[in-house]
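The same chain A turns up in both complexes below, where it pairs with chain B and then with chain C.
For the complex of A and B:
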């Protein structure tokens, strides 16, 4: 009959004990709350930044997915080319997740003006299709324009390349390259109509865009192209879309690569950065856990005599243990809820008003592929759950030590204390 | 008769001395002799180059002028029409290479970073074309024994790059005929001792004043995609003149750019 009431009594006692020393409890709550709020905030800032880094890197030029003949990405040679046949095009058109795709011809070449000769990567593009995939057309500097349908000998080049060659909009360039058939391709009087600065030093330094039709003709491509770049509406769906395309196209001669294959350095950066963040989180979790340990330890120590009396009048040690654990449980749960609320609120603030990294762009260029301007935070329910669980488990584990100590007190000795 | 005997004696002695040298021949000497046998101090050659890939086969005709002593060379594409008039100037000592292209009407310096790229879509790299002579200076040569290659008894010389040499290969194995040191085969290995490409020399003929291999076939293994299709570059020497004085004006940017 009494069985059902036992835990209730312990819970009531625990609840009262929690508020017996308000100041200490509030301090502990604050430790838990601030700890988990900070972890949630940093996670959402960090994940938000990864999304922006990936999205910027992907949208600059490469797209989320690229299709080439097997070997192209390794050798980057015009030797590797594919015919964009019905099966490939239909697969791309049929997938609802795909925002757009663009056909390209790539070739390495040499460009020269009076003194300098520079190695360049030529990318033949269809201006309209290209706009649906890359954001280079948005990165054109003042006074220039992107390629448009009907262009033939017009080109768009990167800013660093323009500086190295000492050319500006309106000037012309000559390029030597090699055709698909091995012939020598010489291109003269290509007029620069636009100069872009996309922030990715590699593109700014090496890339030249020319109209696709002209590239196909110059490099004697016939029906061939070298790559198809694909943009997806929702970047995080890339692995699924890649799988779907692989299944739909099903051609061993082609390689269908996601941005993580195309730019493994970004994935490496994210993994490395996440790992170092986890060390920081670990330190926070341990701090919170020791805060809890300290409070519970102190409150147990203070009540040695009380526990001694309880034991002397016949309370079972197990009940004392569970009472102390329940006290800690109350503090933890309240702290975690407050922490989750505070963390979410802070994250929300940075979602609404993103951090502006524009000033630090120069420093970030050290990483090459990173371009950041405004970086909104990204809050996922999983961050809250993950943080709360870890805080809860570590805190509860650290509670066991003082709780057991309370339960093991010898009544006679305990009563004499304090 | 009396006058002939000493001659015979001298001949026997000379032969003995020669064979003595042949036995003590070092790898270095074999490579030097081999190089000397196929090249003069200068050479003017008409060459046909056939490049075969899995998709296309192309044949080009080129005329080249080489000054080995001055380490300069010049080449002009004669055929096919589309590529005719492309000219190359190479100054080996400075590692420089220029290309003149008639379509754009100007010359361009081949960027150092392009030196390891394919020369005109062939299995030769720009570096192969410019720095070919350094196999004597940039490597140590170890005579490892004899092998029979294509029916010829050949010396097998292992060439390893000297530590300070800026070369791409981890090892080159050079086969030269015992009888006249002419090269028969060269194998190019990377740092991991993996065979990357090999050159076979065949069709030994008398050209101008000497016997040389007139067909050179380079096969690259690294980019071989279809095991059923052989991809290679074939260089055939159609005509060659050795040791004729070449006007130094040939090896100038003016000559490269002339219309």
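For the complex of A and C:
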């Protein structure tokens, strides 16, 4: 006789059994739904926050990409310098993803007035080009201003530095450093025109901005500068743009670095935070899978005699196994769809109305986060897919246990159970 | 050829190291078309014997041939398929798949056998009508009385016209009258379709229906007699007459 597979009956039986105990099924669906929705929501919030953190860090000073001579970033020394030649500038101007770039001269030095002296990072910048890359000009405190074209002996300094030196807008400072040629570079009577507070403790504590022309002259750079900072319209495109620039500039002496290498501590924070979140997700996934396991186990246990009879009258064990697996499949798929919808809806809510961290600004600064205010969530299709897949796979793996138990029942023993 | 041939069947159960001999040197042949009762007190081995005949349990020693096949050489799959094709089962109670209707429960066997949809439905409906449940075909088991449920079980057991129907105390959960009705039905089907029935019981009334009565005590066949069924001639011929009138 024909024993052709008729999978439909398993599906029909499974579907009806799913709804036989509605309360239990609804509770299981809720478990799956809440579990996956929570993972999706937390992922969105988290990734949204990372974007803001990275964007803030990038726009504070470094830019998404920096071009400098090999060795500069390691030693931060003025000895490593480059000439911004046509090839470099043309590559930057030609790339449509680039929002702006700015040439800089960096040097370490000592700043002093009558009362105190501090180690500082001096950064020579072109005021107009700088505004297209960094946001320091937006962080100038009341009563001061950013550098502007035509400035020569004017400087802008960080708020902490100003406090440490006991200076305010209008005061003057002197700087001592070493020039490109090895000479001692000294500058006197630099007048403070602005004090910034960007929230990044490093910058607030050590950074001094001065006009680029003046810096080149002071440090005897000639045609040289130390770096070019680049800002991209769409931050996530950084790796592509970096690749394009590498190919276009193609100069072994130069290094084209992304923000992830410029500020490895930020990348580390993101990686670490993501990893700790995954521990939390793992717990959620396991909770969901146990919920499914429990339901299927109960459902199998209650039907011991039923399975015994089915086996006795000639149902092959494989069919029993598929029936239980399909039952779990129905529950998981419905739960996952509900979870994806709920998770997306919740995430969407936090995209539209971002979480406002303004109140926690003080605490966040301690951690080195600069001006986190409104942090919108960020929802990617991949979060939904990833979450759904993991929930699906773990739950189905857990289902195998009761499904196999059902298929391996001995009809004689199973039937004896009333 | 005998439909069942059992030689020197012994079945021991091991409960916590203590061996319980449920069947002792059982020798038994059953011919096609018999309507046989296995009687005996509780614990005498009725269920054990039926389970071994049905390939649900295996002997400790001895040989069992059912419909010409030595059960010892069949694989689990082979046994499963033999049960599906050749044997109908009726248990004491809760025989049916709860989420399926009466009709679907009967169809289930045919579906496993790979019968096409139209034929399946037609045969299942006809059998349910024969067992007197033509109006209840779309009810689920819990919407049927105990007697009706057992009738559906009978319908399911015979729908594929098996060689043999094994029924372990099919009337034990039914009242006297309903039980008698079920036995009438089984007996009638036995005659009309020449299906061999073996059922177990410890109920006098049920034994009276049998045409052959095998008595078990402590796993030993203590008597085996051919006899007249109490209802022979009365109920069985009735449907036949009605049919011929039409």
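Convention: the second predicted complex is superposed on the first by the 408 of 418 C-alpha atoms of A that agree within 3 Å, B and C clash if a C-alpha of one lies under 4 Å from a C-alpha of the other, contacts with A are read in each partner's own complex, and residues count from 1 in each chain.
Just so it is clear, a contact is a pair of C-beta atoms (placed from the backbone, for glycine too) under 8 Å apart; a residue touches a chain by one contact, two chains touch by 3 or more.
Bear in mind that the values here come from a model prediction, so they are computed numbers and not experimental data.
Would chain B and chain C fit next to each other on chain A once aligned, or clash?
fit
Applying the touch criterion given at the start, work out whether A:415 contacts chain B, chain C, both or neither, answering first, second, both or neither.
second
If we overlay the two complexes on their shared chain A, which of chain B and chain C does A:182 touch? Say first, second, both or neither.
A:182 sits against chain B, while chain C stays out of touch.
After lining up the shared chain so the two structures overlap, which partner does A:110 touch, if you call chain B first and chain C second: first, second, both or neither?
first
After the superposition on A, what does A:213 contact: first (chain B), second (chain C), both or neither?
neither
First (chain B), second (chain C), both or neither: which does A:235 touch?
neither
I'd like to know which partner A:84 touches here: chain B for first, chain C for second, both or neither.
neither
Between chain B and chain C, what is the tightest CA to CA spacing in Å in the combined model?
72
Give the list of chain A residues in touch with chain B in this complex.
70-71, 75, 77, 79, 108, 110, 112, 117-119, 174-176, 178, 180-188
Would you pull the chain A residues touching chain C in the complex into a rising list?
Its residues touching chain C are 1-4, 6, 9, 13, 16-17, 20, 305-306, 309-317, 411-412, 415, 418.
So in the complex, which bits of chain C are touching chain A?
Per the stated touch rule, the residues are 51, 54, 56-57, 76-77, 80-81, 83-85, 88-89, 91, 93-100, 108-109, 111-114, 156.
What residues of chain B sit close enough to touch chain A in their complex?
Chain B reaches chain A through residues 51, 53, 55-56, 58, 77, 80, 82-83, 86, 99, 101-106, 108-111, 113-114, 117-118, 120-122, 223, 225.
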